[in-house]
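Here is the structure we will look at, set down as C-alpha cells.
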C-alpha cells in the first residue's frame, strides 16, 4: 500500500485538520468529525447536511459552503458516520427553518441518519426531512435488494438543493427539489483498478491486468459484470446506454452531464471519456446544457470513472448556475 | 497499462475534443492543438500563452479563461509543442498590447518557444516577451545543468500574471510580475509510483513496493534520492525543508501554500499532506495567506504530491484573489 | 447464568461477547469481505471495546442501565449497518427489562424478542434475507419455547445457542436481500452472513459450557 | 555520393537517414529512456517520416529548398529538444548551400559547419556536454580537414563517419551538462547519448560502403 498518510487509523482525523487549515471559511468540529460553514447558521435558511463514509473526497466536506452544504459528517473510511454526528451537525446548522438530510442509499447510512433524525425530533429540536439518493443503475432496484446505491447524483443534488435553500425556500420545497433531482438523475461507473482501504492495507478486490469491473460501487462493491478492458469509446457506451434506457432519457431532453473520476484516474483520461459520452448523447439527440468533469465523488485511489446524467428544466438549471463557494465547486462568487 | 483511452496515439487530440465539448466558453484549434478563449483577443490587453507536453492536466488548457491564460498549446504527451503552435497561439491572442510566453524550463520547451518568438518577430507580428519558470529545488541550479525544472510555480504564475494582464498592465509590467513570481516561488515533489506514458504502455520507471522517489520531475524524471516509503509527516519535512532553505523563506514571510497531487493520489491524502506542510510552516513562523490543494500540475497517473511555496506581498495577493474563470480555477465570477 | 440472572451476570455476558468478538475479529471481517465491504469485525470490535470501557467507567447497577449503556455506545461508535442494528437490539432489551437487577428466563426471552422487533423495525429484514435476523429469530424462539416449558435457564440458553448456530449456518445457501450483500445477487449464495455470525457469538457468550 | 553531390543524392541522403532512424527507433528510445524521457526514437522517426512525406509532396530541385523543407518539417513536427536542434541544423545547411544543385566537398563541409554553429547558437552546448555536439563537431572537423587535403568526397565521408562514431562512443563516459540527462548528474555517466547516436546515423546515411 502506497499512500501519503501517517497512521492508517488517523487518516480521516488528519485530513479534517488539513481541510480546516486550507479553507479558512470552513470550521471543523473534530470531536464529531463535522465540516461546517464558518458563517452559519443563517436565520430562516434551511440547513442542509450530508455525510457518509470517508474516502470519497471532495464529497462531502469539499461541498460545504455558500450555496451548497451547511455541514458534512465524515465517517470512518467507507463506514457510515454515527447518529451523534448527524445530530450534532443538525444542531449546528439549524437556523430555525428546518434541516435537510441528504443520504446516500446504503443500509448503514440510511439507518444512522434515520436515528439521528429521530433523536433530533425526540429532543424537540430542528424539524428534519431526509432525501435519499439512489441513482446507480448498475444495481437492480427492487424490493429484493437494498436498492440502488447513491452515487454521482448526490453531488448534483447537494448543489441544486443548496441553491434552493440559499434562496430562502422552505424545508418542504428544498426537499421537493432534492427529490426531483434524485428522480431525474442516473449514474453508472467502471473500475480499472481496485481501491485500497488504508486500514486494510491491501486492494479490496483483485482485477486482472486486462480486466475492468463494470457497474462498480464507490466502496469497491462488485458491479454488473467483469469484462475485458475496453476502449474509452466502448466503455462510454457501456455506461451511457443503461443510463439512457433507465429513466428513460429521450431525444430533446436537456441534461447536466457529469463525468466523474474515481480518484486514481487523471484528468486527461476524463476528457477523453467526456468526448465519448458527449458523442453518444449527441447521437441520441440529448442536449447537454452543463457539464462537470473531474474527481468529485471518488473511491480512494481507484482508477476509473462514472457517468451521471441529470435531466434538467429551466428551474434546475438556474439553481445549478446559482453562486456556490465551496472548496471543490465554486462559481458566481 | 489500464487507461480510459482509445488509441494511445490519439489521447491528446481526443482530450482536446472533450475540453471543447465540456467548456463552451473555450475554443479549440485542433490543427494546432490550441485551447483558447472564446471571448478573445481583447484590444489593448496583453495576451498570455503557455503550453508544454500534455499529461499535466489541468495544466495548461484547464487554465485558459478570464484572468488567466488566453491560450494553451498542447504538445504530445511529455513532449514540448512545436513553434508553429506557439506562433499560431500568439497570433490568436494578440490584442495589440503584446504577448507573454510562459515557458517551463525544459530544453525542448525553451527552444521551441524561442523559435516561435523569433518567427513572430520575423513576421513583424505581436511583440513577444518570455518568462521561464524554474522552481524545482530538487535540481541543482548551475551552469552545469539544464537548470531547474519549471513545476508548481507555473500554476501560480499563470494565475497572477493573468490577473495583471486583465487589469490592463503593459507587456513589460506583466512580464515583471511573472518574473517576480518565479523568483519568489519554489517547489519539490515526491512520487510513490511511476506514471505510464500511453504510447510507451509501461511504467516510466520502476519503484519497489516500499520505495519512493524524492525530488521527482513531472515527466517521471529521477529525483534527488530514492528512499524507503515514509509517513506523510516525514515526507512533508523532506519536501518543505529544502524549499524553505532555498529562497530562503524566513519567519514572518507570508506565502501561498500549494499542495499538488500528481494525478493518481486522491484528495484525502492531499489534505493529510496539507496538514503536515502547514504544521511545518507554522513551526517556522511562515504565514500561509492562501492555499491551493488538489491535482493542478500532474504527471499522468503518477501517485505522489508536490509542494510549492510562493512568497507574497499585498500586490501578489490581490492579483491572486482577482477574478478567474477557467475550467480548473474559478472564483470571483 | 443461573435461573435468575443478576446484573453482574449480564455485565459478564457483555464482556464475554466483547472478548469473543475480538477473538473472531478477522474471521468476521473475512466473511464481510466476501459479500460486503470487509469491516464487520472491525466495526463490532470497535463498538464492543468502547462498550466495555463505558461499563468500566459507569458500572451500571440495573439491567436497563447496563443495556442502555451498551446500546448507546454501539450506536455512537460503530456506524455502518451493524451500529444501529446491534445498538437497537440492546436498547430494546434494556427498555424491556427495566430497572430490575434479577432477570428471569421468561423476562430474558421477552426482552430478546423486543430486541428482535427493534431490529426488524429498523432494518425491515425478514426470515431468509441472510441477515442477523436469521440467527437471532430462531434463538429467541428457542428461548421462548424453553421458558414456556419451564426449562432451566442454562438449558434454555444451550437450546438458543444451537438454534442461533443453525440459523447462522443456514444463511450460507441464502441469497442476500438486505444490506450490501444484496448487490451481489446470486453471487451472495454460498457465503455465511457476518452479522448472523456475530449473533451466534452473542448467544454463545451467554451460554454456560455443556454440563 | 560523388565528388560533386547532386540534389538527387542529397535527397537520397535524407531518405536513407529516415530509414536508418526508423530501423533504430527503439534503440534510440531505449538510450533516451536510460538518461532522458524515452522519446528520442519516436521524435526523430515522427519527424523524418514527415520530412520524407514533404519531399515526396514538393520534390525540391535545389539544395537549399531540399534542406529547408526537411528543417522546417522537423521543427513543425518533432517538438522536444531534437526538433529545434535537428531542424536548425538542416535549415542552416540549406541556407549555406543556397540555390545550387551540385555541391562540392568543401561546400558540404562549410554547410555542416554552419549547421553545427546553428545548433550551438540554439542549444549552447559545448564539447563534452554529452549532446549531439559531441558527434557532430568531430564529423565536421574531419570533413573540413579532408576538404583542405583535397580528398575524394567518399573518403572524406568515411572519415567523417568514423569521427562521428568515435564522438558518439565518447559520450558514454561523459557527465551530461545539457538537456534532460543533466538532471541525473553523476548517474548520466556510463550511458551513450541518444542525440549523438542520431548524428552518427545521419553521417552514416551519407557515407558509401567502404570501397
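Miscellaneous remarks
Residue numbering begins at 1 within each chain, and the chains themselves are lettered A, B, C and D in the order written.
As a working rule, a contact is a pair of C-beta atoms (placed from the backbone, for glycine too) under 8 Å apart; a residue touches a chain by one contact, two chains touch by 3 or more.
Keep in mind that what you see is a predicted model, and the values were worked out from it rather than measured.
Taking each chain's centre as the average of its CA atoms, chain A and chain C sit 33 Å apart. Taking the mean of the C-alpha atoms as each chain's centre, chain A and chain D sit 56 Å apart. Centres computed as Cα averages put chain C at a distance of 80 Å from chain D.
The set of chain C residues touching two or more other chains is empty. With chains as nodes and touching pairs as edges, the resulting graph is an open line.
By the definition of touch given earlier, these chain pairs are in contact: A-B, A-C, B-D. On chain A, the positions that touch chain C within their shared complex are 53, 75-76, 78-84, 106-108, 111-112, 114-115, 139-140, 144-146, 149, 197, 199-200, 204, 217, 219-222.
Taken in their complex, chain D has these residues touching chain B: 33, 37-39, 42-43, 75-85, 87, 122-123, 177-180, 182-185, 187. Contact residues on chain B toward chain A in their complex (touch as defined above): 2-7, 11-12, 14-19, 21-23, 54-55, 57-58, 62, 192-193, 209, 212, 229, 231-233, 235, 259, 263-276, 278, 288, 291, 293, 295, 298, 300-301, 303-305, 325, 327, 330-333.
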